[in-house]
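Quick one: the structure is below, and I'll ask about it shortly.
Per-chain numbering from 1; labels A, B and C assigned in written order.
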Amino acid sequence: MSTTLSTTKPAEIRRRREPKVPRSNAGSIAGIIGAAVLAIAIIAAVAAPLISGFDPNAQKLASRLLAPFSYGRDGLLHLLGTDQYGRDIFTRILYGGRVSLSIGLVTASLAAVIGIGIGTLGGYREGKLGAAVRGVLDIQTAFPFLVIAIAVVGVIGANVLTIIVVLTLWTWLPFARLSFSLAQALKRADYVKAARSAGASDGWILFRHLLPNMAPALLVVWTFVVAQVIIAESGLSFLGLGIQPPTATWGSSVSDGRDYISTAWWVAIMPGIVISIVTLAINLLGDALRDRFDPQLQVGA
Amino acid sequence: MKKSTARAGILAVVAGVLMAASTFTAYGQDSTVRVAFGALPAVLDPFQAATPPYSIANRAIYSYVTQVSATPDGKVETTPGIAESWSQINPTTWEFKLRAGLAFSNGEPLDAAAVKASADYLLNPENAKGLLGALSMIAGVTVVDAATVRFETKTPDGIFPRRLAALAVVPPVAFMADPQKFMAAPIGSGPWMVEKWVPNESLTLVPNPDTVGAEPKSDRLEFRAIPEASGRIAALQSGGVDIAQGIPSDQVASLINDFNIVDKVEPGSWQMTIYQEAGPLNDKRVRQALNYAVDKELLLEAVMGGYGAVSQGQVVPEGVTGYCPDVKAYPYDPEKAKALLAEAGYAPGELTFDFQSPSGFVTNDRALAEATAAMLSEVGVNTNIKFLELSTFQDAYRNQSKRAPIFAWRLTTAPFMTADLSARWYLSGATTHPTGYSNPQFDQDYATWQSEGEEKGLAALCNGIALVREDAPTLFGLNLPVLYASNKNVTGFELGVEGDPRFEAVEVGN
Amino acid sequence: MPMNTQLPEWLFVGLRTLASFVVVVWGLSTLLFFILRINGDPAALLAGPYATPDQVGLVRRELGLDSSLFVQYITFLGDTARLHFGDSYQLRQPALNAVLDRVPASLLLAFAGIALAALIAIPAGIYAAVHRGSKRGQLIVALTLVGQSVPGFVLGVLLIRWFSVGIPIFPSFGFDGPLSLVLPTVTFAAFLAARQTRLIRTYMLEELSRDYIMVAQANGYGPFRVLFKHALRNVAIPVIALLGIDFGVYFGGAVIVEVVFAWPGIGRLMVDGVLQRDFPLVQAAIFVIAVTVFIVSRLVDLVSNQIDPRLRTSA
């Protein structure tokens, strides 16, 4: 960080300093914790068969709805209890992470690429292209997303690919909207004007000035979208449109457990807690990344 | 003088307040029965369907030519409705005598002309009514006199009077003026009259003093649609409603101490079509293996909480006309299943089938499919479950080409309570649920049953049903329960033999 | 365009707005027209389980579904252009009326939820930005994370268990009176508030790190005045845009809240319409939602332009 600082002009240093806000190390510690939790979640999902000996889809109807830390009919310990089919909840959370995390990360990244690409172009160029992008964004805003999702999933069937496509169609919008308005505003910033009058190409301006400046806000959106997608998948499950069973996902586990919330709370709450923890970790990581790559540090570089 | 005036004034005010209070209390005592359903009909159309959700509202508003009731020995019989008696004049002609002096709540007479008008409207294909298929054996209706009406059928139908338990009668003048408008504010001769109707959402009913049957005991009946099961249970527990329909069977245990559970084995069932004209499922041994592989008792116990019944190698449950007591379910025998698969030449894990199941519109449909799939995998048959929403399901039900090798369905025989609908699927060239299955002996047995009458011809039918069980075009599953829960202070709540609720005797105590 | 010079500006803008609206509705309707017809059969659904294939065919003809897809589409375009959506298959009444009946309940819940969320999120977001790094600021951020990670239906079910069943204060279902609005509003607002708080905090942080704030501070203006005079005005634009988007979010996602609380909104009607392939109903609902969201997004633009005239574009 200090090396970056030393190469920037004094005026830029003053610009980027934040007002009276202490910059503690708490942020980076939280970021490390977030990264660690996310890493553990990913490793646990990948290494699921090594961690648990249970088959995630094997039903033991005789051992259904067992509380956490209880033993099944076969004498095996169910760490987080069993669900309505007598399946081990801990195991299903491990395996569910594979699907939920992939859907979350892939969808958010795909949506980011599409959304930022379209939004930035539209906002930077303005004119006819900008109007066209705005038009598309208006269409999308008026898009009753769930109806499309229900129609598509109902017709094509719910598999990982359909769900990613449907959720991407929905989540590219915040990226596009934000980058549209950011690009529109940044275009008028003095340093961009300066760069353009100095003869910088559009590509140079986009990649050296616009995108780095837009990144922090977009990164926050990205972390938000990852979490949102994991939750949206549970919403689709709630409407009967999630990933088809018996494949475990965190969202569908929460959704399927909702009927037992007053009789066997762990069925819905355990995967729910995992969603919360992982979401929290992703967000902490996002915040830390934003602080780390504060764009204004690179403006003058 | 002044004092007494003042006193009189005070008295008057007090009296006024008391009166107001008493009317207020009287209004408070106005007994309203509130009921939560998973779904209410989209339109109060008496000719659209005779099954829930339509039948739930229609039974309250309209009355029917006949009724189907339970007999003390657990069977069903046809009992009087608008008609008090009937007789068969020749094999295809039935004459119905109507009860005298009946009228609709708008004053129109409820007579033979009204019955004919109702039937004619339903039978006109232009009107495209959902019940047409169920009553299309009717060839014509003639009015003999105001209290006598004759029905001609296309072919002899031994239980024809029972068919008319699906024929609601509407006041012809009011109805024909504008059927669509009529259905927004319908008039019938049933126990209740419509006070307020919000399609799909709520229906408020008040007693009809001139009803054909018994007059309701409560002052008001309110139906509400609450799609989520947990929402209906919460509404019941919070006192928002007095009765809730569609209680998930595995939730019964948590309610049974505080509420009354009212249940009935539905006259329909949840089964899987597994016949294929080619491929592994064309082999009888494979189909039998699937039947042996599923532990129906465990399904019933674990998924249905013990409510309902195991289907006994046939679609309909005990009590329905055409039930064969001597035909039994395939026992749970995974070893035999594996042996049969081996005999047919399939190694464990070699067979993988797509498995279509209803999603969200049949009691516990998703859970039943998941549990069944898990049982099949125990004997080495893999499945890919595909859940279908309502209209896709209907499409697959009617079209062989859109159907997966394993296709779970649910159908009720209500309101007729006879096995003929389900038996018809096994006929060669069946059209409503075509499978390609064919067994000439069964065709012959079915024809005998139809011509000899459903009671006399039972032996023939059961001979055929036993053959079908052996051929196993169906993976026989369960007969599903209808489950209601009511507050402890609710009395007189009953389910008809077909599983629809009756609210006439319902009272809510304190 | 020569017309450009002849027409007064307001009329030109009005016509352009109308044109883009027509394109929106046309695009949406066309997409759904074809998706919904890939499979599923509304006629089989209406004809009932006893119907023979002939009878199903009759119903299909009655619904006008027996002609070729192309002919159906042309007919549909013509009808839609005249706002004739036809009768809902299931409800047997003009589809548009059925949808319009649901509008009040939907609008009420949407506005109540967005208002409640904004009431929480705007002060919370600004506070969390100004007091970034403080315990309370971090607590707010933590709460937004929790808020974002609870699925709406779980919160709804829990609220019902606590405040309808546990302590019977609020009705758990339906739309009768102000009390019945509370739980659905809270459920919907919780999701929005979490997300709005976070975004408002971000906008505010960006704003606070800009030059003019530094300059103002250097010139001795107190932080309070600086904040409210400059930063807030700049933050207002993205926040208003956000509220506008959230309005669209209602129609996109509140169906879950509507299902949990048996709320008679458009979302449930439309989902039922899709599941039953009630084409006229779905198309009418799409139209009504598009009109509503469109009006709101125009209002948002209008308000934004009032606040910051620089955003007025002539393109």
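One rule holds in what follows: a contact is a pair of C-beta atoms (placed from the backbone, for glycine too) under 8 Å apart; a residue touches a chain by one contact, two chains touch by 3 or more.
Protein names from UniProt, one per chain: B = Solute-binding protein family 5 domain-containing protein.
It should be emphasised that the depicted structure is a prediction, and the values quoted were computed from it without experimental measurement.
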- Note on the structure: The larger set of C-beta contacts, choosing between A-C and A-B, lies at A-C
- Query: From the centre of chain B, which chain's CA centre is farthest?
  - Reply: A
- Note on the structure: Note: chain C sits from chain B at a C-alpha centroid distance in Å of 38
- Chain centre separation (chain A, chain B; CA means) in Å: 46
- Separation of the C-alpha centres, chain A versus chain C, in whole Å, is 21
- Item | Per-residue overlap in chain B, given as positions that touch at least 2 other chains | 230, 389, 392
- Message: Going by the contact rule already set, what residues in chain A reach two or more other chains?
- Response: 154-155, 258, 261-262
- Could you list the positions in chain C whose residues touch two or more of the other chains? 39-40, 157, 161, 259, 275
- Note on the structure: Within the complex, chain B is touched by chain A residues 57-59, 61-62, 64, 84-86, 154-155, 157-158, 240, 244-246, 258-259, 261-263
- Task: Could you please specify the touching residues of chain B with respect to chain C in the complex?
- Result: 36, 42-43, 45, 48-49, 125-126, 128, 130-134, 136, 180, 183-184, 198-202, 224-228, 230-231, 234-235, 237-240, 389-392, 394-395, 397-398, 402, 411, 421, 431-432
- Item | For the chain C and chain A complex, residues of the former touching the latter | 20, 23-24, 27-28, 31-32, 35-36, 38-40, 132-133, 138, 141-142, 145-146, 148-154, 157-158, 161, 195, 198-199, 202-203, 205-206, 208-209, 211, 213-214, 217, 223, 238, 241, 244-245, 248, 251-253, 255-256, 259, 267, 270-271, 274-275, 282, 285-286, 289-290, 293-294, 297, 310, 313, 315
- Message: For the complex, give me every residue of chain C touching chain B.
- Response: 39-42, 44-53, 55-56, 58-59, 62, 88, 90-93, 98, 101, 157, 160-161, 164-165, 168, 171-174, 259-262, 264, 268-269, 272, 275-277
- Message: If we count contacts the way the header does, which residues on chain B are in touch with chain A in the complex?
- Response: 229-230, 248, 250-251, 253-254, 298, 301-303, 359-360, 366-367, 369-371, 373-375, 384-387, 389, 392
